[in-house]
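Before I ask anything, here is the structure I am working with.
When the chains are written out, they are named A, B, C, D, E and F in that same order, and each has its own residue count from 1.
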Amino acid sequence: MGKPTPIEYADASPEVRAVFDDIMTSRNLKDVNNFWKYLARDPVSLRRTWESVKEVMAPGALDPLVKEMVYLAVSVTNSCGYCIASHSAAAKAGMSEAMFGELMAVVGMANETNRLVNGYRVPIDAAFDR
Amino acid sequence: MGKPTPIEYADASPEVRAVFDDIMTSRNLKDVNNFWKYLARDPVSLRRTWESVKEVMAPGALDPLVKEMVYLAVSVTNSCGYCIASHSAAAKAGMSEAMFGELMAVVGMANETNRLVNGYRVPIDAAFDR
Amino acid sequence: MGKPTPIEYADASPEVRAVFDDIMTSRNLKDVNNFWKYLARDPVSLRRTWESVKEVMAPGALDPLVKEMVYLAVSVTNSCGYCIASHSAAAKAGMSEAMFGELMAVVGMANETNRLVNGYRVPIDAAFDR
Amino acid sequence: MGKPTPIEYADASPEVRAVFDDIMTSRNLKDVNNFWKYLARDPVSLRRTWESVKEVMAPGALDPLVKEMVYLAVSVTNSCGYCIASHSAAAKAGMSEAMFGELMAVVGMANETNRLVNGYRVPIDAAFDR
Amino acid sequence: MGKPTPIEYADASPEVRAVFDDIMTSRNLKDVNNFWKYLARDPVSLRRTWESVKEVMAPGALDPLVKEMVYLAVSVTNSCGYCIASHSAAAKAGMSEAMFGELMAVVGMANETNRLVNGYRVPIDAAFDR
Amino acid sequence: MGKPTPIEYADASPEVRAVFDDIMTSRNLKDVNNFWKYLARDPVSLRRTWESVKEVMAPGALDPLVKEMVYLAVSVTNSCGYCIASHSAAAKAGMSEAMFGELMAVVGMANETNRLVNGYRVPIDAAFDR
């Protein structure tokens, strides 16, 4: 197969359109993001991924904005440019510049201290292992 | 040099003791964690890292518990066993089992979708890049 | 040194040309990919890397297409854009869109469950450790 | 919350037992692995993860053994000790030592060349981007 | 918040300008790199990060060029394109093409053998653990 | 296949013994490390990996100690416990505790700033891209 290409709504099968419709309704959008248009190449993955995302990112014991920040922290750690861009946008309404700055500071710090722990081969304190 | 070993308070230099004292006072602890005892091998790194951690993890635009959860999310993504254990403990007071479960679900989901984005080579939507 | 630049066949030393010739013959190509043109900056690495790739990716106990899919799975996990593009192309002849979709689904799932294991600190079952 | 602990079948809720039963039936096992016992702390994640794993790892356009090898390749890249142990066991029946050796050789090679590409800043060949 | 944008010297607060001035003086530059202009969005992180970088990258027990090479090795392992570009430039004066080639060879090799160790589940030799 | 197990010299084939002999001679050792004993399960990988390691880690444009430190920096970034232990030991003779402390500080800093670059989406300065 060649380079993956997106599937637009107009060209989508009924199965794919049903997922696109649910995304647009749930998130109050006029079109779905590129992520969903590319994933539509595999309608089974599209459906499963959307259902999981909808369930996982919904309000629950954690606030949706906290979830977006956690998602962003992972994407920054993994160097996923698209994911950083799309979830920065998703967090736009609720995240101030000061919140973003502190979020990045924690992510940077965690990536630094994780490696200090590795290098110094720090054993787990007995108190943490109970 | 051989395998790194920890420095206990009793054996620490005045410079290291000053940092240990500040950690114990700030966090209301009777002893510092292994992380600080190992890092004490390099007193300059010990001081700089503690001062940065204290500043970054303090309450600000983000709640300290949110910061602990973000720290945990990064550590889980990086497979840092010590960091997961110590920051799970740090978050103990404020994080219910339901919150932990949702946190892990978001971390897992982000690691999954980050890779779907890579594999399908999804370009950034124009709307995200403004 | 400045930004690395590629070495074209016309400008290559006899040592580099010998490797380029072997790549083109082995893979039935009219030109080598950018990867080899950049690596040609270090002729020793060029030779060693090509000899290793040729040996590792050859048919053996595993089918070459399976090897290409494993290579792609690692590259997607590591966010290596060039590697994803070049090995998607390499797998072009033998990999249908359905195979690609399932491959990405497994890669995404593995990256997700790897992190759930980390976060829940799951110990290895005795049965797996024999 | 403290260190996560497993939920055994005898102590599980009906909701968790239903998933455990399905895992044991589908895979012809007398007990579920630790992964599922720990994830049972969050019954919603347990159900969603099992349903996804069952769908993703089933025979389809790719052979289940190929899927196990891809899963293992990702886990080795991510340094997930539990995942390597459990999926080596899962692949036990179908994977010879020679297949395992070649699999590791491809995984090692991909992790090496991914970094050579990064360091030499190799641009994507026009032919790969169509 | 939207996409991060840089802060130029002319638009910077006195607090940010003081850091920019120190960077330009310390490194004998007429302008600061994009990294600092973006980080200036969070003046607290800007100051802390610059002070840490200045301390960590200064001559000490290790030569500054060795430090630049180690920084580059980490950035190549993490797929950080900006970091690779800026630290290749930083190492420009002191690193020959032969040194760069050997550096990349070691980085590639380490990323390969790290995964062979994971996959074969190699236990630590008693001699290394003392 | 089950859990990988090591091959001791006494049980090794002539092909494997030849590699073991060369390792012991080259490095002046009485026995080879576990890494080689496990990799001996695949004699072709054993030979190729040893020949590559011998070539890559030899003195050249970079000093062998610098190469060991770079190798360690990558292993710390990748959380490879065995690799950290064995290459700390390899660097033992030439690396003081102060050098180790600075090495870890650079590795930690690079892992931190790599993520700040990702999160702030810093574009490459024109000067770095020439």
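Keep this in mind: a residue touches a chain if its C-beta (ideal position, glycine included) is under 8 Å from a C-beta of that chain, and two chains touch if they have at least 3 such contacts.
None of these values were measured; they are calculated from a predicted model.
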Discussion item. For the two copies chain A and chain D, what rotation in degrees overlays their C-alpha atoms? Round to the nearest 5.
Written reply: 180
Worksheet entry | Of C-F and E-F, whichever chain pair has more C-beta contact pairs | E-F
Worksheet item: From the C-alpha centre of chain D to that of chain F, how far is it in Å?
Response: 26
Practice prompt. Return the distance between the CA-based centres of chain B and chain C, expressed in whole Å.
Written response: 33
Practice prompt. Using mean C-alpha positions as chain centres, tell me how far chain B is from chain E in Å, no decimals.
Written response: 20
Item to complete: Could you list the positions in chain B whose residues touch two or more of the other chains?
Response: 2-4, 41, 44-45, 48-49, 52, 56, 77-81, 85, 88-89, 96, 98, 100-105, 107-109, 111-114, 116, 118, 120-121, 128-129
Worksheet entry | Chain-level touch network, classified as line, ring, star, complete or other | complete
Fill in: Complex contact set, residues of chain C against chain F
2-3, 44, 48, 52, 55-56, 128-130
Item to complete: Under the touch definition given earlier, write down the residues of chain C that touch chain D in their complex.
Response: 3-4, 33-35, 38-39, 41, 45, 49, 52-53, 56-57, 60-62, 66-67, 69-71, 73-75, 77-78, 80-83, 85-86, 88-89, 96, 98-99, 101-103, 105-107, 109-114, 116-118, 120-125, 127-129
Worksheet entry | For the chain A and chain E complex, residues of the former touching the latter | 79, 85, 88-89, 91-92, 95-98, 100-102, 104-105, 108
Discussion item. Using the touch definition from the top, list the residues of chain D that touch chain B in their complex.
Written reply: 1-4, 41-42, 44-45, 48-49, 78-80
Discussion item. List the residues on chain B that touch chain C in their complex, please.
Written reply: 72, 76-77, 79, 81, 84-85, 100, 103-104, 107-109, 111-116, 118-121
